[in-house]
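Labels run A, B, C, D, E and F following the written order; every chain starts at residue 1.
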Amino acid sequence: MTLWAAMLTATLVMVVITSVLAVVLRDLLAAALALGAQGLLLSLAFYLLQAPDVAIAQAGVGAALTTAIFLLAIWKTRRKEEE
Amino acid sequence: MSVHAPILAIAVPLLGGFAVPLLARLHRKVRDLWVLLVVLFVGVCVGYVAAHVFTQGIWVYVLGAKNPQETLAPGGFPIRIMLTVDAMSAFMGLIAGFIALVAFPFALKYIPEEEGKTLSLTLGILLLAGILGMAYTGDLFNFFVFLEVTSIAACGIIGFRTWTSRAPEAAFKSMLLFSVSGLFFLLGVALLYGEYGALNLAYVSAQIRGSVVDRLSLALFLAGLLMKAAAAPVHFWAPDAYGEAPAAKALLLVVNTQVSLYGLWRVLFTLYGGLSDAGVGWLVVSLGLLTMVVAALMALVQTDLGRLVAYGAVSQIGYMMLGVGVGLVALSGRPDYGFVAMQGGVFHMLNDALTVGLLFLCVGAVEWAKGTRDLRALGGLGHGLPEVALAFLLASLALAGIPPLNGFASKILIYEGSFRLSPILTAIAVLCSILLLAVFARAFQGAFLGPRGEVEGKIPWVFLLSIGLLVVGILVLGLVPGFFVEEIVTPAAKALWQGRALYLAAVLGG
Amino acid sequence: MTVVVRTITRILFPISLVFGGYVIMHGHLTPGGGFQGGAVAASGLAMVLVAFGAKRLAEKKGLLSALESLGGVAFAALGFLGLGLTFFANILARSGGLFGGPVPYGPNPGELNTAGTLPLMNWAVGFKVLAGLGAVVLLFALFGGENDR
Amino acid sequence: MEETIKIFTGHGYWTPLIWTLAALGVLILAILLWSRGRREYKRGTEQELPFLSGEKAENPRVGAPHLYWGFVEALRPFLSPLRDWHSGLINDYAAWFLVVLGVALLLLVV
Amino acid sequence: MKWWLALAAFCLAAGFLIFGAVALRPFGEPRYREMDEYFIRFSQAELAANNVVTAIVFDYRGYDTLGEATVLFTAVTGVALILRRLKK
Amino acid sequence: MIGNLPFVVCMILVALGLWTLVTKRNLIKLVIGIGLIESGVNLFLVSLGYVRGGIPPIYTYAPADGPMVLPTPQALTLTSIVIGVATTALMLAFAVVIYRHKGTLDARKIRDLRG
């Protein structure tokens, strides 16, 4: 297994872990931040897959701005998920 | 310029939509005039394209090439996006153009003049552009993009009445389901790209061999587009959306569902035409039957006029699915009755747009005059609004398939075609029609008959103009059906039924 | 705390705008383009919004939406420019004029004056994305902020 | 002329012409019957007021929800599961999408 | 909705999706690639663009990008419509 | 090597998003679910375009050798990302307005439209 494959595998595993976190966390703020982290890791995965264009777009749009919109929406509503 | 007519029909409303907020800063009148001009232009373009396609065959337009007919790159494969307008696409475009011509003057008067009107008109124009983009495109990913344009524009329109809590709820639900369906469609496109490295519909269709992945992506397309087209077990968003959207724009939402259905036919008949088997056809037929039965029964118990009409509209989707589904079942053996059923299903698209559109306009007029749509509060409006009452009566009779009107003309084709496949299908369809007649008799009685009801507002002449246009359409289609079936429905149905080879040849040559 | 954030924002905001502009400008040469540059600049805008509050930017809402409309119109108009051939035909590429320079085949350092309408479209889309995403964030931040709370 | 009206269904054809003529005939018959109505009926008098089961009704309107009351009651065993099915819960709607997807997958892939 | 029906449908859908991912061609070895080879080979000659992705986004598939700009514009219009302040 | 792992991860993300849609009752959580499906599809597209040993499809200062990865999926993904942020923003706007009316984000309580 080359270094590249190892890095890609590690990134993908991290992506899955952060996605699971985004689903299971009951604190919506934490879930949104987990989604942001997932977006950032996804952008790293895109970079490793030799797609720098997409990586920049994902980092700017997918990670930063989506998270910002999520945070604003959570700020306007409530933070905890109802039981 | 006429060489560019198909793209102008899509690009001008896009540009027009971008420009509406800018023009609204000048003056309201400028904006209204611009909207009308754009819609009129689209109508002219769509008519021209249809006339050209019906007489001279498939029109291919390659975007960005040196020559609009240069479909293939050196090497024999398409690289650019292209519009491929065959008779079915042109037919869909005609429906969209006509409904837009009716809906926009109505909407200009109907939507209250406040901050939201400009934005709402913008969304309406973009929805129209998206519908035409879906109808005319010959590229899978491009279809997805315009699917999303229609989804987002439709949801913006659905959520217009933000002062109620019901409209945002309907819009949220619709948007969630739309984006799921769009994403699954994209997943299907991605799977096909992974298999064949191409995105052009005709090229991929020529490549498809029927491997496991092909069938998987067909299932994804099927599920996604059925959801967008409001077929039975996934139709839940439709009554909410139709009911809560402003009535003037609900017409465009109906055309939006129809164009999704068109996308489904395109996928089943053209993209997978070589390997479509009876199983998919039976699935479409059974879901169509389920749709009409469930929607008609649900319409029976509604107390909101808008929601009742919305369920009626959903039940009509079932008839189209039944007609074309029978065609799909019969396709492999190619017996003639399948073609008759398909003629009926395709013709019913046009009739459904007119009748359901007229019903929604009537609901809008009632709401304009009375301020409510609750059937428990309405009554006796026939004295104050005789024109609206007559139009509503006519539309309900047409929707229920009462003979001299247009609904019957298409339904008899569906009945005759499906009867040869199995009489049970016809029996269920006829029963549903009777049920719908009962439903709309109830709505008509509840809203328009009885002792005189108070009417506050006066119906503006623009409303009557739009309603009158649709009434004329219904009467003409009902009294002279032969002409329309011969001239526009048969070519459109033929384009699906046997048109795959022609479609591929128009793009790939030879 | 606020002072620190505001100072950092004062420094970072121009940088993000310049970097966004760079990404847009070199879209046809290096990784990046209209969306990416617009998104980078829009995240700078979001930062200003966090640091200085949305109210100060409230009157900029109309400007942003107008800018977005303008970007969209410009982009569609660039598509119409090719209508002599077909919609979206790149008639400026290799024409010798603005952005009309040639480029040799194979890996090369690249030159700014190439690629025809691509850089122009990059700018149109960049402005559009900047204005659009900025407007979304601003609308969210302003919602219910003034007369309802 | 004939061909612009007829549509052919495979078994035969449908033409609205005859139907319309018949409908016109029925209409004329109906107008004839209607014109033989009572001569002493006057508009605007108390004759116009509805008369229900022995007394003058105050609000004689039969609202739409009450129409077909018996029919709907008879169908209740079918209708109430149907209404419950449209539960308004977005998760259910998403789950039904999954069901359609699963059925399509089973039908097509297996 | 019965939970077992939802669970069965979910398992079915997820299973088939993962099965499809495995059944697809091997990762990193596209089978048909003539369209992409064309882009890589001719984007410099036809468009004088060094970045092939930008060449595709704005020229070969520029119409998609127009649609996508429309999506963004539509969404912003929609958000402005939804979050508008209502005049009492 | 890693085989079809990237494809499988994409499908896992999609399945996770579907699971969220079916089980979670909070509207913002549902939007997160849509975001997961979307990132799965995006990753799927990009990994479809990967060619073993490839370099990015950009000629500026590119290393001279090696095949380039396929550029088309990257272009598609760019479009798909922007569409994703558009839908997310719109859905969150609806969620915020619903919260304003109902004071809750619980899907079980937001059921005015039924029957």
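Some notes on this structure:
Simple rule for what comes next: a residue touches a chain if its C-beta (ideal position, glycine included) is under 8 Å from a C-beta of that chain, and two chains touch if they have at least 3 such contacts.
Quick caveat: nothing in here was measured; it's all calculated off a predicted structure.
Hopping across touching chains, the smallest step count from subunit D to subunit E is 1.
Path length between subunit E and subunit F in the touching-chain graph (shortest route): 1. Looking at the partners of subunit A and subunit B together, the chains they share are C, E, F.
Chain pairs D-F and B-C differ in how many C-beta pairs they share in contact, with the greater number at B-C. Closest to the middle of the protein, by Cα centroid, lies chain B. Remark: subunit B and subunit E have CA centroids separated by 24 Å (rounded to whole angstrom).
For this pair, subunit B with subunit F, the centres built from the Cα atoms lie 28 Å apart.
The centroid of the Cα atoms in subunit A and the matching centroid in subunit E are 18 Å apart.
The residues of subunit E that reach two or more other chains are 6, 10, 13, 16-17, 20, 24, 30, 33, 35-36, 39, 44, 50-51, 53-55, 57, 59, 61-68, 70-76, 78-80, 82-83, 85, listed in rising order. Each of residues 2, 5-6, 12, 14, 18-19, 21-22, 24-25, 27, 30-31, 47-50, 56, 58-60, 70, 72, 74, 76, 78-79, 81-83, 85-87, 89-90, 92-97, 110, 112-113, 115 in subunit F touches at least two other chains. The set of subunit A residues touching two or more other chains comprises 51-53, 57, 61, 65, 69, 73, 76. The complete set of chain-chain contacts reads A-C, A-E, A-F, B-C, B-D, B-E, B-F, C-E, C-F, D-E, D-F, E-F.
Contact residues on subunit C toward subunit F in their complex (touch as defined above): 29-31, 33, 35, 106-110, 129, 133, 136, 139-140, 143-144, 148.
Residues 1-2, 5-6, 9, 12-13, 16, 19-20, 24-26, 28-29, 31-33, 35-36, 39, 42-43, 46-47, 49-50, 54-56, 58, 69, 74, 77-78, 81-82, 84-85, 88-89, 92-93, 95-96, 99, 104-106 of subunit F touch subunit A in their complex. On the subunit F side of its complex with subunit B, the touching residues are 14, 21, 27, 30-31, 34, 37-38, 41, 44-45, 48, 70, 72-73, 76, 79-80, 83, 86-87, 90-91, 94-95, 97-98, 101-102, 110, 112-113, 115. Of all residues in subunit E, only 6, 10, 13-14, 17-18, 20-22, 24, 26-30, 33, 35-36, 39-40, 44, 50-53, 55-57, 61, 64-65, 67-68, 71-72, 74-76, 78-79, 82-83 touch subunit F in the complex they form. Within the complex formed with subunit C, the subunit F residues making contact are 56, 58-64, 78, 81-82, 85, 89, 92-93, 96, 100.
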